[in-house]
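Note that the chains take the letters A, B, C and D in the order they are written out, and that residue 1 is the start of every chain.
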Amino acid sequence: MTVTVGFVGLGNMGLPMACNLAAAGFKIRGFDVVASARDALSKIEGAEAVHELRDVAVGAAVVITMLPDSPQVLAVLSGPDGLIAYSEPGTLLVDMSTISPQVAKQVAADAESHGLSMLDAPVSGGVIGAEKGTLSIMVGGADADLVKARPILEAMGGNIVHCGPTSMGQTFKLCNQICCAGNILALSEAFALCRSQGGDLSKLRDAMSGGSAGSWMLNNVGPQMISGNDKGGFTIDLQLKDLRLVLETAMASHVALPGTALAAQLYQSELAHGGSRNANYALHRVIDRLANQPVTG
Amino acid sequence: MTVTVGFVGLGNMGLPMACNLAAAGFKIRGFDVVASARDALSKIEGAEAVHELRDVAVGAAVVITMLPDSPQVLAVLSGPDGLIAYSEPGTLLVDMSTISPQVAKQVAADAESHGLSMLDAPVSGGVIGAEKGTLSIMVGGADADLVKARPILEAMGGNIVHCGPTSMGQTFKLCNQICCAGNILALSEAFALCRSQGGDLSKLRDAMSGGSAGSWMLNNVGPQMISGNDKGGFTIDLQLKDLRLVLETAMASHVALPGTALAAQLYQSELAHGGSRNANYALHRVIDRLANQPVTG
Amino acid sequence: MTVTVGFVGLGNMGLPMACNLAAAGFKIRGFDVVASARDALSKIEGAEAVHELRDVAVGAAVVITMLPDSPQVLAVLSGPDGLIAYSEPGTLLVDMSTISPQVAKQVAADAESHGLSMLDAPVSGGVIGAEKGTLSIMVGGADADLVKARPILEAMGGNIVHCGPTSMGQTFKLCNQICCAGNILALSEAFALCRSQGGDLSKLRDAMSGGSAGSWMLNNVGPQMISGNDKGGFTIDLQLKDLRLVLETAMASHVALPGTALAAQLYQSELAHGGSRNANYALHRVIDRLANQPVTG
Amino acid sequence: MTVTVGFVGLGNMGLPMACNLAAAGFKIRGFDVVASARDALSKIEGAEAVHELRDVAVGAAVVITMLPDSPQVLAVLSGPDGLIAYSEPGTLLVDMSTISPQVAKQVAADAESHGLSMLDAPVSGGVIGAEKGTLSIMVGGADADLVKARPILEAMGGNIVHCGPTSMGQTFKLCNQICCAGNILALSEAFALCRSQGGDLSKLRDAMSGGSAGSWMLNNVGPQMISGNDKGGFTIDLQLKDLRLVLETAMASHVALPGTALAAQLYQSELAHGGSRNANYALHRVIDRLANQPVTG
């Protein structure tokens, strides 16, 4: 029997994820506040776009949300008009947005009080990962719920990690973003020093790759950082949104993250210089600008 | 015909490097200011310890220096009593210490004015790499000199990169250290946030490994950071020495490295708490102390 | 004729402010969600406590709000049950809370659309200034509204500055808090270095006072920093709330504030060590803890 | 009887200081490595320029040094050709340069071993203070030596503070510079936020002056920061030299100074943008550049 999956949030990430689900044989009932996104979904075989949020949950065993931030997740799931109030008991909610762990706990508690289960399952891998179905998915929640969700998650991602109980998926995602930003900042500073000495950055990349200075960022975005090809990918706007969640979570727990806070401030400078749509590795532009040197080798 | 190699500096790194050279068939004439280090060398087949610095260069085609810092390199090589004044024209000097690029340039110019060639060839890989002969060696200098030195370097290391002209080996080494410190700081902050939320750090390591947050540090010292096994390896003392070289070089070139400067300050706190002999990844102790939480999960 | 002033928020700051207004001859109609705060007001001659928020505005020419943060100001003033909906046209709203400039603009626009005027008028000077009626008041809004409000403000404060149009009072307050935190951080570092060299901090304070290193903080809280008398005054909890507003406002405007962000992270460490009720100058404890040295000279 | 004072270092600071001594009736024997500086001194009534360093000490009860940095002080005073070797026992050395406390201790010990006394006596107040004889002088050393030196110091400065034993004058000077840099950084960030909101910086300065955000910097260089009049005064070059001494001293004592280290890195950016001769308060240019906004209101 075909399983119906509700899907809310059909943006750059959500739409290809929903398409992969449809391609894997799930019946999709999708919704987005943007009409063109609904239209795009409705053209997909096996997918149907509904015009009211509440219709997403009708007949759905699982409802997925893929939304920009905590306020949207709260609005869509909780409150008098939220899906939690309209879903059948037993429905499994899977929030794949990146939001704060605190809000993830709050919504999961709300769901539980209505007889629903919930997983937090934020992803990494970007638009390309969403399209190729190779996302890494970090899951927080009960074992049994993950067992139920796994076939669905496997249609969207290649690396599914059960991080711990409710909200731990979000915590792991935030920790992941700390390392991304910090490793980019370190690379930006290393490259800036090398440029200032007249060094060949491609040789530096080769020399550092594989050794103790090595990182995914060095291997995968190092070449773009060197050439100054800073467009696309995971944008600074999104990186800053995630760092804001990191810093709010840390503040609530009285954890000082001086390196992450510094990276966030420097990222803001790139926004001021018009780089909000540049990739997160474009942080090197801020460091090179401080050194008053061109950003390409 | 056996090639004679002079070797100055028989410490934790230099002694096993000299041993590997002897094992590879080179005749070693070694010197160290510490008598016990000379004694240790003299017990090695194919190696001879001399009692005066100037004797190191006698009959040597190549003289290697492996010393703590710039002042020692200057003292051993330059000046009225330095090896540059005592070496035969045509001798190739190879300084494998980590020193400032500025001093590397200065000593190389001094050597050249005496008819000698010089390579800067700092290493990474630590004591274990020195013992196993698997050091990464970053070389600055002329092609022809590297051709001459390569058989010798290959007896000590597995990955020999020609970084560029004189001093560029040192520059690459410093860039490498920026990434090491920055990646450790990022990891320390990610782990501290995860601890504060009650997360399982080993699961976090698995989840981040291979993805965009991945790094050599995560893979190779992450487990020790998690268990709080902070002894040994590349110590904070040495890390701070290298960061000082980084920051001095950056200051001379007017390059702002706010992340590296922050990491250096935080490292100093671990010294204040008695951790000078802890490994460089023990920076997590400073971040955990700020958060007032235990350093093991 | 006696002027009636509505007053919402009768906490540590609001209650003495309302008392000073009553003592100056204004008739006070006050409200707080906490019953004991209402009771305290009702014992003051010339003041009356009302039991419903909406009753505050009855017959009031001016309504003052003195609330913890932006959400409370939004809840009390805007929305279907807010005072803006219930106040007579022509009423002047004066928000003396410290909130974000963005929210100040939003509420002022809401007020204007209902035919009401509004001033933002955050204060500095703390509980002592509130009790003595010597607060500094930073006012944003129209000249005519300030003319109308001035007699009321003068009953609460000694230094009333018209900063500019709507929200500029909040902006000035935030700028003020940047300097407070930054000057405290600088002092904490200077004192920590002096302690580490065995210096006499009281002599240092005298030597720096009046010269280029001088500041209000040095003169007024320096002695407490030296003696480690860190209780009371403007607490770290409140300082961090204000720095959060600073950093959110800066992020929205793409202004990088690396020093302020660093101070905020370090303040969080003092929370982790149980110091949330310590005074804002207790930041020196974090710096001394990093240096592993006792906090008193 | 006229007291003879030797004076080494006749630069922007030293020459007017020597002139003030001559005007007060002391007989000056001065030396500088720069011939034009010696010529300038020789035109002053009561002053004589000598052509060899060693002649400075002849017949001098007190010898003053006013030199750029630690290496020059070491070279002039210590070593085989230094003044310590050539001065009569009983001569009092007064080093008014800003150098590291460690070097101050080392030179004072050297002097003592030759039967000489020494005071460290760095100044603040800049070229204007040197010319007007209103320098603040921070003195480290023995009481009896300060008693002897006081009449001489009073001819150069208006505020003479006995900070403690040998090297404590230097320590106090460095602490002073921490506060100067930190207060400037805080002001730069406050002004940048105000600019971004369209605020009137002169009004902000007035509003903050006298309150908890107040500082000497706000009062005395705030107007220049606002107008962008960044030339002259205590230059960034000199500020960075002092911050380097601060950070080296802190590192040697394992004191983490994250705020000062951040300020130093940001200052370097202004050097990269050609501002080495700008005043230390020109740090605001770096903050405004990060925010991509013009530096004048």
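Rule of thumb we're sticking to: a residue touches a chain if its C-beta (ideal position, glycine included) is under 8 Å from a C-beta of that chain, and two chains touch if they have at least 3 such contacts.
Note that the structure is a prediction, hence the values are computed from the model and not measured.
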Longest centre-to-centre distance from subunit B, chain (CA-based): C
Comparison of C-D and A-C by number of C-beta pairs in contact, larger one: C-D
Subunit C-subunit D separation of Cα centroids, rounded to whole Å: 38
Centre-of-Cα separation between subunit D and subunit A, whole angstrom: 52
Whole-Å separation of chain centres (CA-atom averages), subunit A against subunit C: 37
Two or more partner chains touched - positions in subunit A: 250, 254-258, 262, 266, 268-269, 272, 290-293
Of subunit B, residues touching subunit D in the complex: 240, 244, 250-251, 254-258, 261-262, 264-266, 268-269, 271-272
Sites on subunit A touched by subunit D in the complex: 258, 262, 266, 268-269, 272-274, 286, 289-293
Complex interface listing, subunit B residues touching subunit A: 101, 124-125, 136, 138, 159, 161-164, 167-168, 171-172, 174-183, 185-187, 189-194, 196-200, 203-204, 206-208, 210-218, 220, 234, 246, 249-250, 253-260, 262-263, 266, 287, 290-293
